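Just passing along the structure, written as structure tokens.
Labels A, B, C and D are assigned to the chains in the order they are written; within every chain, residues are numbered from 1.
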């Protein structure tokens, strides 16, 4: 299936729920609303056989969080994008649909502080155990201040 | 009687820090849990503070074994963002190094598999041969491990005739030796008895759990980014995807051996068909705003970089998904109902590259009992959830 | 006399424990490569041991992540005296490219005392052997 | 004079000092063969050809700090290494190393000493298990359980294999068995099958690849020795070296016709024959990979034990034919 054919089919199937763009060969970007994410993922899994989730990327755009679900099928890369408001960082889990997604959802929870609702096993995990609560390193407004280093054999 | 044994974070079978916690009944594993986070360095945050060129060197240091994979995947993405077309000769040299790296990584893995099975002679022999490919890499790039041969828009060093001849010579030698050793390895009954039928992962499970690379291919799923999404030179070469259908550790060995032989062929084709011309084009300092996804078949499986640019010298967001991470879910399935003795083998069979997987990520957590490496808020909930976690010997002092 | 014997045996039989404190693997594979036929450190009586109780020399790589810091201190304490620590690679010396990242301590000497530094990113096997030999020369 | 002679026997040759020296030498020999088979040099720079390497290891460990884990059973933990060494050294005294007067046996040679030596060789295994158990480390505990499981596997084939030459010789005294085969060397060929079984079983007894399951470092770290350090570890290593000598000496005495020809020639025979067996053991170590514990048990009972029984049958048939 070529890119154009797939776009046409997806557009016909998903209708107004998704905006589809293709910035380069074999790369498709779908934009869906946060509320629709589970529906769309279920639909593309069932109708198009998209079962392989490569990863989920989070981006802090400054005004909102953007989540990208990178799926791959033999010929194309399908990237489903959704935006979540910064004030209410919540998104539904797609783990019931794609079991392999759980790892990436946990990562998102830890690094961005986005609450993934309905995640089967949502223990906080990414960061060290002595990590302070409420600190999310990949948010743009989070800055790391390096503590003073010890100079071995020196003063202090 | 069931009790838990911790494997790691410092364990001789794992050259990298990771913690596996196995619940065992006698010698049989009933449950497995993986806790990462020991190797989390925060590279994705660092990458946002460095410019496009500096990031190449940071990406290389995500992992020492597949350093070229990450750098190449990143450079591919940046070139797409900057709309650069590297010259053909540059691409050939870049992917020549890729295949040499695959050879070194697979030889390394075969040796490690032998070592995990207690077959140290096999380990010594494959690592001796690995030195040949290390020498070739050093000759091509000037470095044994972090090759630093990529740059945005091409590669940094050219090949001359003498080097080409040496590569061909080295590959011919390696092919001869590999074939011989694998015959021996395949006919050593105690080794085969250890790896056949161990760590089963059916094709359905591999698909459901999103396994990648040789792990998926050994379950009969012919997924290879080099074929699916042929980047750069791979559609000009003659090769085929290596698969096996035994779904066990033996199959993973077979897949890697087949890939080695394929790589030797590809290296020869690339050296012989090396086009003339420049090796690099000039790259701008800033990339246009935009985003791209770059895929690359690393020795361990599919490698994905997602890059978003905001038009400055630095990336807005750089996301790395290393192949090992994708295979962890499958590993937990493979470990269940195995023997203690099989843990290192099964775990090694996905060729875990923990530093790759952990440049930012972690997953399933597994510690409990008096060793609180879990958060205290979490401890209570887990204590309630799994009362069977108590240790048989409460006073035991763990060496690790 | 006994002291002399002990010192001689210590120089001749350094058993090492390999410790990865969050390195990128490069130094680690070079350490393992030092065991293999081309470099073969067993010539000098160096053996790679599995547990810290048996080790004399801890060879550590990596910039020390926050998570593994406690483990490193514990392994150091479990190693019986006399013990020596070699920091292999630029990361273990000062953090290398990870310097300034939020999750690394930036060097092994921030956590445990270090006797010898082996530079390089990664350090070559020859350099690692040289480091061990120089350390033994200090005794 | 007799007292001095006995003391000399006990302490110098073939007693403790000789045993320790020869034990370290055989460890060197084993390591060197193993390394050469792997394309490496092995110990080279400690003494001539690295001969002093095991000695250096021993002294270094003796000079190291001795850590006793808090949770360990201290009495057992401290006593067992010395006890193990004592047991294997006692077993060594029973070897017919120097010239025995068959008509007038000394107190180290008596009818039934072959049984005693076999039992004395079983004791280190039990000591190892106790040592592992008393260190209360989880890896050690698993190692200890594996030690016992393996004992269950290899012990019976070893006994059957070693006893069948004795049945053919019609004696339970090592010196007499050796003398029997020295008189009729052709009969040694009858026991070839038993020899193979015994070599494999001894490999298992000494916990070397492919049977190094109790201290498989990639699985359970240091296994039984995880918590041992310093002097105690040194003693355990020495125990294993001496056990290697004793076990190969036993095989040489039973299967290779003993050590004839008086003190000097007997000594030369002893060295040659034991080194030959140690060489075989090193060969097995280099050429195999570690097998699983369940595979050990099934291998022992499905292959080794039937072979040993077959050997026993052959022996009985040959004995009937001879008489």
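Going forward, a contact is a pair of C-beta atoms (placed from the backbone, for glycine too) under 8 Å apart; a residue touches a chain by one contact, two chains touch by 3 or more.
Nothing here was measured: the structure is a model prediction, and the numbers come from that model.
The chain with its CA mean position farthest from that of subunit B is D. Separation between the centroids of subunit A and subunit D, computed from CA atoms only, is 61 Å.
Distance between chain centres (mean CA atoms), subunit A to subunit B: 23 Å. Centroid to centroid, with C-alpha atoms defining each point, subunit C and subunit D lie 35 Å apart. For subunit B, residues touching at least two other chains, in rising order: 12, 37, 40, 42, 45, 124-125, 128, 373, 399-400. Subunit D has residues 38-40, 217, 221-222, 226-227 in contact with two or more other chains.
The residues of subunit C that reach two or more other chains are 36-37, 50-51, 53, 65, 67, 78, 100-103, listed in rising order.
Looking at which chains touch one another, you get A-B, A-C, B-C, B-D, C-D. Of all residues in subunit B, those touching subunit C in their complex are 9-10, 12, 15-17, 37-43, 45-46, 49, 57-58, 61-65, 67, 108, 111, 123-125, 127-128, 130-131, 134, 144-146, 353-355, 373, 399-400. On the side of subunit D, the complex with subunit C involves touching residues 31, 35, 38-46, 50, 52-53, 55-60, 62-67, 217, 221-222, 225-230, 233.
The residues of subunit C lying in touch with subunit A in their complex are 65-67, 100-103, 106-107, 109-110, 113-114. Per the touch definition, subunit B reaches subunit A in the complex via residues 35-37, 40, 42, 44-45, 80, 207-210, 223, 228-229, 290-293, 295, 302, 304, 306, 308, 316-317, 319, 321, 325-326, 328-329, 360-365, 372-375, 378, 382. Within the complex formed with subunit D, the residues of subunit C that make contact are 5-6, 8-10, 12-13, 15, 36-37, 40, 42-45, 49-51, 53-54, 56, 78, 80-82.
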